[in-house]
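In order of appearance the chains are A, B and C, and numbering begins at 1 in each one.
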Amino acid sequence: MKLKKIALATALVTVSTVSWAACTINDRVNIIGNEFPAIHAVVDGAKACTGAEVKSNLTADHQKLNVAGMTGTPAEYTSAIIANSSIVALMNEDVIRPLDDLVAKHGQNIKKNQLITIDGKIMAVAFMANAQHLVYRADLLEKVGAQPPKTYEEMLEIAEKLRSEGVVQNPIGGAYAAGWNLAQEFNNMFLGYGGEFFESGSANPTVNSPAGVSALNMMKSLSAYMNPDFLTHDSNATNAEFRAGNVAMMNMWGSRAATLGTAEGVSQEVADGLAIAGPLMVGEGKTPASTLWWDGFTVSKNISDSEAEATFVAMANGIAPERMDDAMSPLAVWLIDGYEPTAQAQGVFEAVNMNTQPYPMLPYMGLMHTALGNELTDFMQGNESAEQALADAEAAYMAAAKEKGFL
Amino acid sequence: MLSSRKAPWQMRLFTGSILVLWLILAAFPFLWTLWGSFKVELDFFSKEDWRSALTGPRTLVEYGSAYTGAGYDGAWVEEEFWRSALNTFIVCFFTVLISLTLGTLGGYALSRSTYNYTFWILIVALIFRAMPPITLVAGYLLPFFEWNLWGHLATSIIVLVAINQPFTLWMLHSFFSKIPKELDESAKVDGCTQFQAFRRVIIPVMWPGVITTGLFSFLLAYNDFAITSMLLSKENQTMIPKIASFLGTTQTEGNVMFAVAAVVSATVPLFILVMFFQRQIVSGLTAGAVKG
Amino acid sequence: MFPTLVAMLLFIALPIVSVITQSVFTPHDAVLIETENCNPFGCKTETIIDQEATAQRRSEQPLGKFVGLDIYFDRGHLAINELSTAWEASESVGDFLDRLNNLPLYRALGFTLVFTFTVTPLMLAFGLLIALGVNSLHRHLKGLAIFFSLLPMIVSPLIGSLVLYWMIDSRGVIGSAIQWLFSDPDLSLKASTTLTWIMLIVYGVWHSAPFSFVVFYAGLQTVPQETLESARIDGASRWEQVRYVIIPHLMPLVTFVALIQLMDNFRVFEPIVGFRSEAHATSLSWFIFNDLSGETRQLSSASASSVLTIIGVAVLLAPVLVRTWKDFAAKRA
């Protein structure tokens, strides 16, 4: 009799605990990812789970640490939050596991288009999107009677007007800092001209093509209207120029556009004149001169099954539609059910609607990106021709690809 | 002293003006940053007029006064910079302690040894120091993760000690070679062992050299970036990597004024240190590396 | 003695051996297959690595594929092939140097060497000058002067270069001052390669002069007064006193400071990151950092560059080391 009572009591307690606990897990979770407010919000949701410890390491250096941290057995990190460029490193080293079974079991709230499938297997679950698009000063464009540009050629015309009429000396802004930023701008422009980075199915580079040369020439023309220090300007510096009122048009990340007008000390004029539009087209290209990025989470391979399950449940809780409230909503362009786009998110939505190409998720794209970042500065400074710069980039890429075994 | 004979006034004017120019060049950037840390980003980094950093018009608009503690508040309270400060002091204290203990014993042994290999050990130590720290740390990452050593302050302490050992060894060796061997010879004649001679006779005399080397070690550990940024997790970062993290990434905004306030906060203890120990630094170097 | 040796052996010698090993192996050739990838924006056919096939190779040879000195000779490092092509194709030395500048390691080496051989003598001379100046100050002013003079050295290079980067912007206080000085409203230190190099060298001297200052100043306290007095009595001018009495006395210190500084300047890294000047100037350490911080990390390449850096330092230090050996041998004789 007593045993029955105890059993009943235990059953009741368990049922009640399960019914009002938002999320319970039974094994450790340790997340590594980049450091922005949106990711903090997701990880806070994961940490709301009870039953086991949820740790996190969110740092801008996550790409230096994630592969090493997920290689050991058992791996230190059970989940890595990555983007379409950084998932490649994890896939190349084979440190993440397919999520099909976990999605079937716990992924009821995840929409079909959040699933990243590679070779038929779900390898990651995306929760936010980002892209570079036009951000401009509507008031300054009005002063010269111009409509917001839809193509880069139009942007050049408007820039000439703004400069010759003395409205703004350096009307165009761009994160053309040598290295990753410059290469990214080239990627955008190259895709806008319809270029192909590699021969299909192999790692042979094809950037030294008419599309590449056109892309470089367009970037050169744009840079003539930029602050002469453009090769040292990353996103921070470009934003600072915009906020100070020195820039009229720029191609900026959607994630940064949201806070452009609200930072401390921004003048009313700039805050009022701020306007956002979709990405620009260029030349005869069919898709915009921009790239789409997603951020999502993955689960490590070198961990036990119960750790993997706990990790998935915790992360799924982090991106649960119920958590989409007023605090979380403006932090990013979410792919989660129930997200209503804010005014600042229009740029990224436009980018999606215009069928912008996503950043290529190829194992050797990172090598190409680095090679471009190093070799294009010579052309931008006027020290060599476009063909020479692209040939140098291809040569640098091939040396690196041979070393990594792709060629 | 060169100053005992008064130099001709032209020479004094010349030296004096060069000196003043140098002192301004040396101190100005820090004074400027200190002043600017109480302003808003758009004033300190004004793209319109550099004088905004002095007068603070945008700070006035934003906060009603030309000065604001917002940068300090953000860094210390919001971002919990005080944790990093604590971490830095723990790391520096233990690094200096261990480094000096090992280095003193090693330097003493080297200076008293009569073998030829002494020179070669010192040269090898110097070549070790030539290795770029980035490569060393990249090499450590995988083993540290596998053995669960990553992310602990103790690991960083040991790596910092090891990397700084060559310099410490070299400096302490030259200090000890200036202390005449007769001192411990006479102690040994009185019946002490080598170690007792070290304890009784050498330790009282070696302080100036040890303090100077300790200060250099402290500076190296305090200002380190390559090692601490790669081996520590977000929670127990020291001050310098934390400042770097305030600067944001390509796709997100950082908060530059937090970084500026943190930079000033991180440099103040060093100023105080130098102010108190400058005499020791000079006398330590005088006693050790320089006696003919 | 033993604990120090063990610590150094474990943390420096072993990693150096592992780095050298890493530089002669590369990851195995990857087997690529085409697959259908789907993401929030649509589906596409892309290439990925066939993990099973590659895993097989990895388990057989965990270190990787042995390539010997291939990495050292490839375009990203010593570029032997490109060098010989350039040599045959160029018409003059200037042309050859231009082509050399196109190769990443030589570009980095060029700046590193210029930086090392400009900053080291400048900071030695400057440090001596400041030490002589401070030494002749009134007692009460000395402390203050020493304190201010030490400032540039005690601040972390990352922070120091960041602070200066903010100030030299063409709209910043130093940038504006320079524009006013040269009456050129468009002058920007960050826009031209020559000016960036000069800026980095000035920063290098600013940052390391305090070290040579404090060492020389300490040395000045121990100049033998009798020699100085007798020189003065003999009618030597100030300059001759400095040249014939003080400088010889400080020679061992010059050697010590030169040794440390040559090594540190050759490994210059933080200013390039702090000043965001990689478009105009790259250094060997930065080159290594670049290999390690991309999305796909090139460990073999970074290892090879590191080994080349160590060899470079050894070559650089050879004359100074020979001199130290002579001093050492003389003392023991």
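Following the convention adopted for this analysis, a residue touches a chain if its C-beta (ideal position, glycine included) is under 8 Å from a C-beta of that chain, and two chains touch if they have at least 3 such contacts.
Owing to the predicted nature of the structure, the values given are computational and were not obtained by experimental measurement.
Enquirer: May I ask you to sort the chain touch graph into line, ring, star, complete or other?
Expert: complete
Enquirer: A-C versus A-B: which interface comes out with more C-beta contact pairs?
Expert: Most contacts of the two pairs: A-C.
Enquirer: Could you put a whole-Å number on the gap between the CA centroids of subunit B and subunit C?
Expert: Here the centre of subunit C sits 18 Å away from the centre of subunit B.
Enquirer: If you average the CA atoms of subunit A and of subunit C, how far apart do the two points sit, in angstrom?
Expert: 34
Enquirer: Rounded to the nearest whole Å, what is the centre-to-centre distance of subunit A and subunit B, using the mean of the C-alpha atoms as each centre?
Expert: Roughly 37 Å separates the two chain centres.
Enquirer: Among the residues of subunit B, pick out those that touch two or more other chains and give their numbers.
Expert: Those would be 45-48, 244.
Enquirer: At which residue positions does subunit C touch at least two other chains?
Expert: Residues 169, 292, 297 of subunit C touch two or more partner chains.
Enquirer: Using the touch definition from the top, which residues of subunit A touch two or more other chains?
Expert: 64, 234
Enquirer: With touch defined as at the start, can you tell me which subunit B residues reach subunit C in the complex?
Expert: Those in contact with subunit C are residues 1-3, 5, 7, 11-12, 15-16, 18-19, 22-23, 25-27, 29-30, 32-33, 44-50, 53, 102-103, 105-106, 109-110, 119, 121, 123, 125-132, 134-136, 138-140, 158-159, 161-163, 165-167, 169, 174, 219, 222-226, 240, 243-244, 259, 263, 266-267, 270-271, 273-275, 278-279, 281-286, 289-292.
Enquirer: Going by the contact rule set out above, which residues of subunit A touch subunit C in the complex?
Expert: 63-64, 67, 84-86, 88-89, 91-92, 94, 113-120, 126, 129, 177-179, 198, 200-203, 228-229, 231-232, 234, 292, 294, 335, 352, 355-356, 358, 360-367, 369-370, 374, 377-378, 380-381, 384, 392, 395-396, 398-400, 402-406
Enquirer: Which part of subunit C faces subunit B closely enough to touch in the complex?
Expert: 1, 3-5, 7-8, 10-13, 15-16, 18-19, 22, 129-130, 132-138, 143, 145-152, 154-160, 162-164, 166-167, 169, 171-173, 175-176, 206, 209-210, 214-215, 217-222, 224, 232, 238, 249, 252-253, 256, 259-260, 263, 266-267, 269-270, 284-285, 288-289, 292, 297, 299, 302-303, 306, 309-310, 313-314, 317, 321, 325, 328
Enquirer: Which bits of subunit C are touching subunit A when the two form their complex?
Expert: Within the complex, subunit C contacts subunit A at residues 26-30, 32-42, 44-49, 51, 54-55, 65, 71, 74-76, 82, 102, 104, 169-170, 186, 188, 190-191, 193, 275-280, 290, 292-298, 300-301.
Enquirer: Enumerate the contact residues on subunit B facing subunit A in the complex.
Expert: So the residues of subunit B touching subunit A come out as 40-43, 45-48, 58-59, 61-62, 70, 141-142, 144-146, 148, 150-151, 229-230, 233-235, 244-245, 247-254, 256-257.
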